[in-house]
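Look at the two complexes coming up: subunit A is in both, with subunit B in one and subunit C in the other.
Our next item is the complex of A and B:
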């Protein structure tokens, strides 16, 4: 899982962590993002995600909200307070309709909340937007 | 030695490991992450009794306590020829428990340890030694390698278990997704039901209820008047109702009143009243037109472990609500178009009827009666509506008959009567190229045919006359006989009915005459009264006298 991923032109475009206790979400997102050239590490709960992120900080973390051991929100707050990951942006996925409070957003680096079911293509586009990279999705749309 | 096969890898991982160890002659204990013993060696006979004896169990338990405290537990030699191999059971990176695998070497058999533990437990050392000979075969030098193999095997089994859980998760999710796609596809395909929005509502409720884990799904419309036909205030429910129907009506009305046109509400148990039980939430999704809530979709008593409404549920209800909005828009447009279309036809035919005050409102009455007779005769709703429409336009051809003839006060000549007899064909010619009118044309062209074949224009008879034309012909005659004519006053109802009966089989289809006896005439009488007033006010008391135009075949009042 730690092998270097590259895009079509052979360059590594970014390192990501996907955290979700629902395996199908992790697999679907990891596949989509790896195909776009990202290195993707995966975790099944907040504790594991925190451990992976602090061992080797990613460029961005995508996390579910409700998970065992440590929720996505708690993990994001801990990452914000940890020196090596205090700047790592996050995208939160939720399965419940409710929105996050202002405080939740102020005490974390959550840049975007997406409710499930989401389009993997949309997640990729949002990752590229947040990381300030040209979106492969946008390019292919122009070509089409 | 033939390798013995262990169980298929689809069995639970801990059973597989137990099986493999048994085949190798290795005794196995299983403990949870807190060190509680889950299972022990199941060997039979003296060997099993020794393995499960207090001194051996005590030693194993002590070792486990030590292993729990370290990240990477190592193999421990408990006695000569008695090694305890640690195998960590994990789920992803999380330690779920331990196995302790005991591998025995030949040194154990004659050891003081064996003799001591047997004597402590009151076991016959000789018999235990005998039993051990078959499995105490691992020299110290290979135990380390066996430990490695067992840990690899366990890691593989953990991965397989994890992958199998993933496949199960994927399959479940995929099945759900298929159902959701099918739901959306079904709703999309049913969007052409513009003429029957009720059917669409029923289908949407049923499909949502079957696809999503809710015990009931309901659609409730507001009392808004400008909705598609028959939809105002309507309530449809699929599944198991949470409460009585009046209660459901009252509560949905209350919730509709406070609903935002753009946002779904998820109500906690304390706010959803009797529309659910236990900890279940209630989902209320608005259906809006032009920024106004016109209906809402309700879903309650969610099944399964999680009583919470998920964002997936909300998205599907959102899609259904959007479909419903479009369908309502289309249905309203369709209704408007139908009303305008029928209104235009009525205006056209009334203007023809109005040429002669004695036929004022005739087409409307014929349409109403024809529909009533068609219903009494057992025709379906759609046929009834087409017959009503044919009734409205049946005399449209009179526009091509010179007014001088149509309203002539004196006796009609043969030539003049021939002109009047042209009106069915003129009507046919006028209407024949209008799209979707094909099925109405027989009613226009043949409404003056007689059952005995002596009518016009084609002198066809019996079942050769289309049913629609037979129906219109009968009620046309009924209306003519029941109305005042210049040459006579309206006949009494009894007389009219007698005339119909007398002419059954000659002028009229006898089966239709029978069906006509079942038709209630209250609505018809109301129309007569209404038209009477309109005629008097519209024509300022002008009376155009017209003598009886025809010969004997005109008796029975064919409205020529």
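Our next item is the complex of A and C:
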């Protein structure tokens, strides 16, 4: 999982964690992001994602909402409250885009909510945008 | 009436006769007093006796000749009301006419009053029938209905209301509403509507309250659609002592608990179905885009992507099929193709089909089929689906190196075919046992173990129980595995099904 990746020019561009209980989704996102030069670790549920993130904080987390043991939202709230991951931004992938309230977004570091079905290309673009502008606090139009 | 007239007439004659006798006696006595000679005295006595006798004989004679009858006819005391003035003249005629007019007016008034009385009796009878009619309708309603008067006392209630609110219907009329309705909020609303006095408006509210009954038998709070309307006043405004506001309040409580539950279930189903359908679509969409973006950089990766896309498309199709099949069965519109199904054959087909998946997890997939012929009248494709779903679950939730065995036998007690699928898998936690056959139910902690639609077991239950009138069940222990079983009734055939 801790595969060190570089982009086409051989530069490591960032460390990410992808969390989803859908194996195929994790697989496709990891491949897309690794191809772009990111180091990608994967987890199948919120608890596993939280453990990975706190052990070695990533630059960004991409997570599903509905997962066993610990939902994506609960995981993001825990990460926000953990000293080592309190600044780690997150992108939420969900089939239920309207399930998140403003409070949910305010109590986490979720910067963007993308609805499933999603485009891996768009996910990559958003990751680049968020990591390129780490101070960006504005929510995307979809999150708003 | 005729008898009264006869008595009056007879009395008049007796009085007249008595007066004549008295007059005759007085005259005779005067003669006797003045008679000096013996012969005159005898004459007086004779006169005294003879005159009344003569008068009586005269009356008798007149009666025989019809004069009396004519007089009676003149007074018209028999038959019609009034005096026949044709035989009268002078003051008697005038008097008779006045009497006649008075009698006619009184007669007419009597007739009118009689007609009114009959009409009132008919109206009363109709009103009574309508009241009974309305009462029967009211009593047959499942909705609880209570009617209160302007003084906030109960005037009418049906058995549903008595049961819901827990009061004795027979002995509660004219009791204050406070003694009938224990729910503070409902009482407050009734009072508020009564005080608002808005006759033209109905008020609808949704109200949750505890139905009557307490202690361990008390059910959960129920939801009610409450309709409250004011009744018009019974007495005109201004009547002394009558209240100036509404004539009362009618309150109707409809239990909508079940409707709300069904609505919530439908809403949950749509939400869950939409979520479940999006997941394979998301995979298909993502992998197709990866292929288009040339992210699959070698042939093996491309083949892997094609395979994933195909698998997810099949999963999507399966979910849609399951949903439609469950929906059709629930709606009672499923078409059943009944035939004599050989269960041993179907089991072998399913095992052959699922063997690659079992081998991939190093699971032994076995059959245990006796020497008999196991047939029952059923829909073959549906039986195939049921066994496939159960075997598929056994493989999904059995760790590598485990075992799954499909067996068939006859159950003579229930005259059915009994199919069992025993595995050495994870087992089902006790709290989930009664939910595993529900829609979209998946044991959270097992989700990582395998993908599923959450509809497979629900479809099994519908096919077995709803379509084939069989039974389905499970024995399970966490860590020890599960045994799913179902029965399908057969038509007994000697020498075949044993």
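Please note the rule applied: the second predicted complex is superposed on the first by the 130 of 144 C-alpha atoms of A that agree within 3 Å, B and C clash if a C-alpha of one lies under 4 Å from a C-alpha of the other, contacts with A are read in each partner's own complex, and residues count from 1 in each chain.
We adopt the following convention: contacts are C-beta pairs under 8 Å (C-beta built on N, C-alpha and C of every residue); 3 or more make two chains touch, one makes a residue touch a chain.
In this text, all values refer to a predicted model and were calculated from it rather than measured experimentally.
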Check your understanding: In the superposed arrangement, which partner chain does A:95 touch: subunit B (first), subunit C (second), both, or neither?
Key -> both
Practice item. Return first, second, both or neither, reflecting whether A:44 touches subunit B, subunit C, both chains, or no partner chain. Key: both
Practice item. Please tell me which partner, subunit B or subunit C, touches more residues of subunit A. Key: C
Exercise for review: Identify the partner contact of A:116: answer first if only subunit B is touched, second if only subunit C is, both if each is, neither if none is.
Suggested key: both
Exercise for review: State whether A:24 touches subunit B only (first), subunit C only (second), both chains, or neither.
Suggested key: both
Review point. Do any residues of subunit A touch both subunit B and subunit C, and if so, which are they?
Key: 22-24, 27, 44, 95-96, 116-117
Exercise for review: Please give the residue numbers of subunit A that touch subunit B in the complex, ascending.
Suggested key: 22-24, 27, 43-44, 48, 51, 94-97, 115-117
Point to revise | In the complex, subunit C residues that touch subunit A | key: 271, 274-275, 278-279, 281-287, 289-290, 293, 295, 297, 301, 308, 312, 444-445, 447-448, 451
Revision key, fill the gap. Listed in rising order, the residues of subunit B that touch subunit A in the complex are 92-94, 165-166, 169-170, 173, 264, 266, 308-312, 314-315
**Study point:** Complex contacts: residues of subunit A adjacent to subunit C
**Key:** 21-25, 27-29, 31-32, 35, 44-45, 66, 68-69, 95-96, 116-121
